[in-house]
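Shown below is the structure under consideration.
Chain IDs A, B, C and D follow the sequence of writing; residue 1 opens each chain.
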Amino acid sequence: MSIGEMMAVGGSKAFALTDIGTGIERYKAVRAFTDKLCAPLTIEDYVVQSMPDASPIKWHISHVSWFFETFILAEKDKSYEPIDNQYAYLFNSYYVSAGERYTRADRGKISRPTVAEAKEYRAHVDRHMLNFLEGLSEAEWAELQPLLDIGLHHEQQHQELMMTDLKHMLSFNPLHPVYVEAPVKGSNGGVPAHEWIAYDEGIYEIGHKGEGDFFYDNEGPRHRVFLEPFALGSRLITNGEYLEFMEDGGYEKQLLWLSEGWYMAQNEGWQAPMYWAKENGRWHQHTLNGWREVDMKAPVSHVSYFEADAYARWAGGRLPTEAEWEVAATPLPIRGNFVESGHYHPVPLSGEAAKDKPAQMYGDVWEWTQSHYSPYPGYQPAPGAIGEYNGKFMSNQFVLRGGSCATSLTHIRPTYRNFFPTSARWQFMGFRLAKDLR
Amino acid sequence: MSIGEMMAVGGSKAFALTDIGTGIERYKAVRAFTDKLCAPLTIEDYVVQSMPDASPIKWHISHVSWFFETFILAEKDKSYEPIDNQYAYLFNSYYVSAGERYTRADRGKISRPTVAEAKEYRAHVDRHMLNFLEGLSEAEWAELQPLLDIGLHHEQQHQELMMTDLKHMLSFNPLHPVYVEAPVKGSNGGVPAHEWIAYDEGIYEIGHKGEGDFFYDNEGPRHRVFLEPFALGSRLITNGEYLEFMEDGGYEKQLLWLSEGWYMAQNEGWQAPMYWAKENGRWHQHTLNGWREVDMKAPVSHVSYFEADAYARWAGGRLPTEAEWEVAATPLPIRGNFVESGHYHPVPLSGEAAKDKPAQMYGDVWEWTQSHYSPYPGYQPAPGAIGEYNGKFMSNQFVLRGGSCATSLTHIRPTYRNFFPTSARWQFMGFRLAKDLR
Amino acid sequence: MSIGEMMAVGGSKAFALTDIGTGIERYKAVRAFTDKLCAPLTIEDYVVQSMPDASPIKWHISHVSWFFETFILAEKDKSYEPIDNQYAYLFNSYYVSAGERYTRADRGKISRPTVAEAKEYRAHVDRHMLNFLEGLSEAEWAELQPLLDIGLHHEQQHQELMMTDLKHMLSFNPLHPVYVEAPVKGSNGGVPAHEWIAYDEGIYEIGHKGEGDFFYDNEGPRHRVFLEPFALGSRLITNGEYLEFMEDGGYEKQLLWLSEGWYMAQNEGWQAPMYWAKENGRWHQHTLNGWREVDMKAPVSHVSYFEADAYARWAGGRLPTEAEWEVAATPLPIRGNFVESGHYHPVPLSGEAAKDKPAQMYGDVWEWTQSHYSPYPGYQPAPGAIGEYNGKFMSNQFVLRGGSCATSLTHIRPTYRNFFPTSARWQFMGFRLAKDLR
Amino acid sequence: MSIGEMMAVGGSKAFALTDIGTGIERYKAVRAFTDKLCAPLTIEDYVVQSMPDASPIKWHISHVSWFFETFILAEKDKSYEPIDNQYAYLFNSYYVSAGERYTRADRGKISRPTVAEAKEYRAHVDRHMLNFLEGLSEAEWAELQPLLDIGLHHEQQHQELMMTDLKHMLSFNPLHPVYVEAPVKGSNGGVPAHEWIAYDEGIYEIGHKGEGDFFYDNEGPRHRVFLEPFALGSRLITNGEYLEFMEDGGYEKQLLWLSEGWYMAQNEGWQAPMYWAKENGRWHQHTLNGWREVDMKAPVSHVSYFEADAYARWAGGRLPTEAEWEVAATPLPIRGNFVESGHYHPVPLSGEAAKDKPAQMYGDVWEWTQSHYSPYPGYQPAPGAIGEYNGKFMSNQFVLRGGSCATSLTHIRPTYRNFFPTSARWQFMGFRLAKDLR
């Protein structure tokens, strides 16, 4: 199935790995999409690490292969021989149980293996993986399927990080390199008015029900929450609206800010979203499509939790909780501007917004919620090294929901919990408003 | 009413400022208690700031006076003349609306005003406050009462900080100075066994109901939460139990720790609770009663969120949420080891624990919860400068409940939300376990 | 002999400790002068440490007593009993051979021993020292005399540091406390014109000859240097001249600066000498006499090596080498504005400058030289712990010469080598120009 | 003339740019040698910056071209068109007069221009340079020759930095990549005994005489110094000798160290020279020829000033001054292990050392001197941007002499002053001893 077909079908449900054949197709498709994203890159683009939080592309494409090698081939395929025994050390990220790790902040100090060698590593893993998958019995497949699934979703997560890390790296370059020339989609006419969609108080169920499609351990268990009555903004906040906040002195009014956010904004000299700068009196921004004037109708992106929170206070609202967001998102079809669209940038909402349901819930930008990333009641990490995937990060990070223009359509779910520290800006991060109805 | 009488009566309800006379008595009592806490100090003890998070005692006793001066005398008493116009700058803490502030980390660089001058400042404010209060009409009193109440609770908070900041400062001194010689209470016999108290699932109301006694804005509004079935530990975790964790290699087992906590423990070299050190092969600790061997029956204290969380994982439990804690605490009488006891240190639980309700919920140590310090649904900060009291700190801090041996009995409530960053250890911080019952 | 008499006599030669009686008188005089400098202080002033490079006054007065206790009483006086065994740990500074040391940056975190206890410690040491000195035989005296001498000069160095550390500490106080009210001496009429005093090329001897008066090991051995012909400025650079540099954009012209200095100036935001600030459009400065308008005729002070060097480049000159300075200074009488004058601040040069010899070579401000603080040919540190006094600091520090308004007249010599890092500004540091004559 | 011929002839004198033809040949030879050094590299090797003090190879090869473009082509060749106007910004290093600069620490964050583009930039500059040089009149040549000369020596300096920065970068790689396989030369038999070569006291002339061959401004003016009698070690200190210091607890004996060096060694965890690590109980080191056991006969390298100084104190000697070194080196032929030898590593001294003159004065390792990098009497920086080359670094750096195994034979002179901070270790830095003879 091609990427185009994926978009046409929509929803991650279509990709349940129901049998070996589907699993192999899915494996090929996800791996091929990594190659597609890399196609426009020079060799030099693969090497650079522009900050400790980001990784070189070469590391990303190797690390996702390491995952299959370590958790599937090395564990299950007795005939498997590593291409280089040191790779397991170089390309482990944080899995303590899987052995020692090369220091994260030093990933950009490694010129070898070369990009060609990293690609050969990928090919080596692919050859063995496909050979291995093809030889599985039904019973073996049933046991393996969850691991393959997590490996593929893991690679999709890194596909998104590749885009955001690449964007960060290119932003340091005064030559304004362009990742792809594809034009950012403009809007026809105005942005639909911002409305409030009301939700009743009550006991709701949230979290993944724990069967069917793939999900991460942190999405469950499904459980009940009581929500007081609330309303959600009908769409994302736009660059134009955010500019009003800026022009009203939003970055200078301490009382709008969380205390910690204020000091961070002062220390970092924040005066606008990340990647924005004025040129000839007009706001421009660094995008994966090059250096462009800011489209005031597009959703604002690359703002920290603190900026989103300050805007909300300025606008008389607040950020939604993750439970509120999930209650609103669950009934909606998973449609939006995902990485498959080829924009690699948020696009304006066009047409009329439906009055009774929020728009732009999926894609474009991850939406900051006011919810700290905490375990759900009854949460248990998956056993073994896989269990280190999510639970160990449950302090001082906040939940973001809905996926972005760098997320794969086949990767997102209503229950999906992304999480980043309050200071993070380099992901495609935006927000919508909420308010209390009591 | 004397401090002793306060203890006899119990509960903060007794101190509702129902009329001017009660208000004046209460003002005198709280101010006098600050003096009582300062009585054992040398002049030099008032001056030192041992870290940016702590403040000199001289600053504390002045800042609480500044609060009355700024929010009551300067606003309401037209005849009031400040003793020194610069004090408002020196003793403001973080109230942006109240004007510029002297840098927090530099508070210990100020030798003048002297301690005698700071005490004269207190006396000056007291003379004017009492004079002003005595001249109020009933209507004026009704308007003023909430401000006076918050000022008195504010002073009580600083009384607690005085004890913890003093303890921190004295810990740097190899002469092991003693704040007071009063013996720490030992235990008779063993500590009651650790039991699980079960609570049913259901919709509960938590938060302050918004009338009657004093409360901070962050305690409300009262609202509904749904809790899945859970159990709470019947008592606090003891030093002895924590030592088992240490001796089982708790500080070396990375998989027990939140990722952030692990790196902090490594960087800071944590191997035991703060203030612990081995002497002649036995664990000792710095206390306000001097350098003492650790009492294994007393509740563990001076542990960070990360250490509490790691212990809980090691023990197969988790930390409670603040809602769980409040549901369990609300029906219980507010009794325990508070600052009025004169121990200034947690004491062992004695007697038999009741099977049906948790012990040590109040006093001894603030209990870490797994709840991030977030606004309740419908939360609105109080208007004006007072509104900066709580809401601006709602990021990357966690809620602690129940008060400690440095808290005033008349200051605590079931709905009281204390909050500190996950790394904080210098407060009297301990914990109890919880677990899911599904 | 009174302090006044000291000034009348002049020169350190008068204080050679020729016999026990002189030694005792000198001991009393130096110790009494420490007390005199402390007389205006509040107890609180003794406690604060305003930066790691500075120490609390309480530490200074105790450390100088520790020196006598450790190197004389503990070594030579068998009857001596320490007042507290922990003091040796608390008041050691960097003498590795003399045992463990309390961390320098934590000296301000110690409220006890109290000031009264520190003074009792001084008195205890004085009683034993005087008793011990009085009982010495001539032979014992001959052996002891060098140690006593170094102990007294050591105390004089700390007297100077007490003044500069106190000044630094008081500078943080917006109340502008005054150490002493004594008026800074103004100038009558203009400052004598800046002239060049020429010196011939040739082989010169510099360094202490190693006999007679007291000297530090780093002043010797006396040795020969060849100097190319040079000229020295006839006086110190004034505040007014330095202001011209500032107003000519001196702090903005990168080409005037050493590379390291430029980045430091940018990072620290240097725009003027330390302690200067504009008030109502006029330059003021923090002094030990309070907050005052800058006297443009007085020598500039509190500038780093980098600022002195940049000024010199701007003015078309350079800083002198220490050999050049010493050659010029040696024939001159040791007169000037020392600590005994009671100004505690540089004063303007008055009268006419003699054409044939430089003025202000002694006192007012330490003069930056362009000489790195390196060992002289044949340098050997003194044996034992005393040998740690000077040699271990011979990297990345520069030599300053001539003493300041905080130095004792009886402490300075033409061969005296003071040294500080290029970034230091809190001492009374100024400079004069030199130039090549080839 | 080939590189081999260069080595046969020896001395930089042979390369005086006496006429246009020689100049063109020399230009081609130096530029070609850069290419030769790059030949073993992968594209990825060009991109990485492993610390702020080091630069990517891509930057080095572009920056040296920028130098010719900026100071020759853009100034003198009216027909010249830059290949990209942004390169001047990207490849400037610290020349303020030559315009804005891209931040040094961010050089490794730039993936574009690609290596191929950087090489095209080099070719572009070469084409124009050669065309321009060929068209010069004799008068124009006479004017241009000094600039060409400095440009070529500048490129040679960067050739050395390329080797040391590359070595640093490869050291982070656990795969132990090899730059070239060429075997490090071993020694036949033992190392000649360490002897002392004596030198008389007297007035010596040092510094470049200012005519004839190329020299940097900081090497002059020639001037007189008086030296007390001294002796110089007959050869470099070896790895074996340094290991004795280590095994005698050199890194644990605080009294051997400069104070600053001690704290640096503690903070950085220094226990051996940079790049050393024990493997199977034997000391190995990272070299450009791969991971190898340490040759105990070869000169020690990659030690800081502090380590060299501590060793000297342990051995009862001291480091030489730069004047002492120059006096000893001037009469000697410039022979040794330079970059042209292809070892890229220090080699053992073989044969018998002559009793009357020191060996290994040139090549192998830069020799730390105890001389701070200060201006000579009468020093004036060259006018214009070229004047920023040397003078602005004259603070807190120390002089190293003699060139290393990464230096070009045609680049070194007896008067050549290299300089680095006391903490630097990543250059090929070693030392010899000196002592006083009085």
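Rule of thumb we're sticking to: a contact is a pair of C-beta atoms (placed from the backbone, for glycine too) under 8 Å apart; a residue touches a chain by one contact, two chains touch by 3 or more.
All values derive from a computational prediction rather than experimental measurement.
K.L.:
State the chain with the largest centre-to-centre distance from subunit D, centres being mean CA positions.
P.N.:
B
K.L.:
Approximately how many whole Å separate the CA-defined centres of subunit B and subunit C?
P.N.:
Using C-alpha averages as centres, the distance is 47 Å.
K.L.:
Just curious, how far off is subunit B from subunit A if you go by their C-alpha centres, in Å?
P.N.:
A distance of 39 Å separates the two centres.
K.L.:
Report, in whole Å, the distance between the mean C-alpha point of subunit A and the mean C-alpha point of subunit C.
P.N.:
One centre to the other, that is 61 Å.
K.L.:
All pairs of touching chains, please: list them by chain label.
P.N.:
A-B, A-D, B-C, C-D
K.L.:
Taking the touch rule as given, give the residues of subunit B at its contact with subunit C in the complex, in rising order.
P.N.:
Subunit B residues touching subunit C: 42-48, 50, 58, 84, 86, 89-90, 102, 106, 108-115, 169-170, 172-175, 177.
K.L.:
Please give the residue numbers of subunit D that touch subunit C in the complex, ascending.
P.N.:
Per the stated touch rule, the residues are 94, 96-97, 201, 203, 221, 223-228, 230, 254-255, 257-261, 305-306, 309, 318, 370-372, 374-375, 377-378, 388, 392-396, 422, 436, 438.
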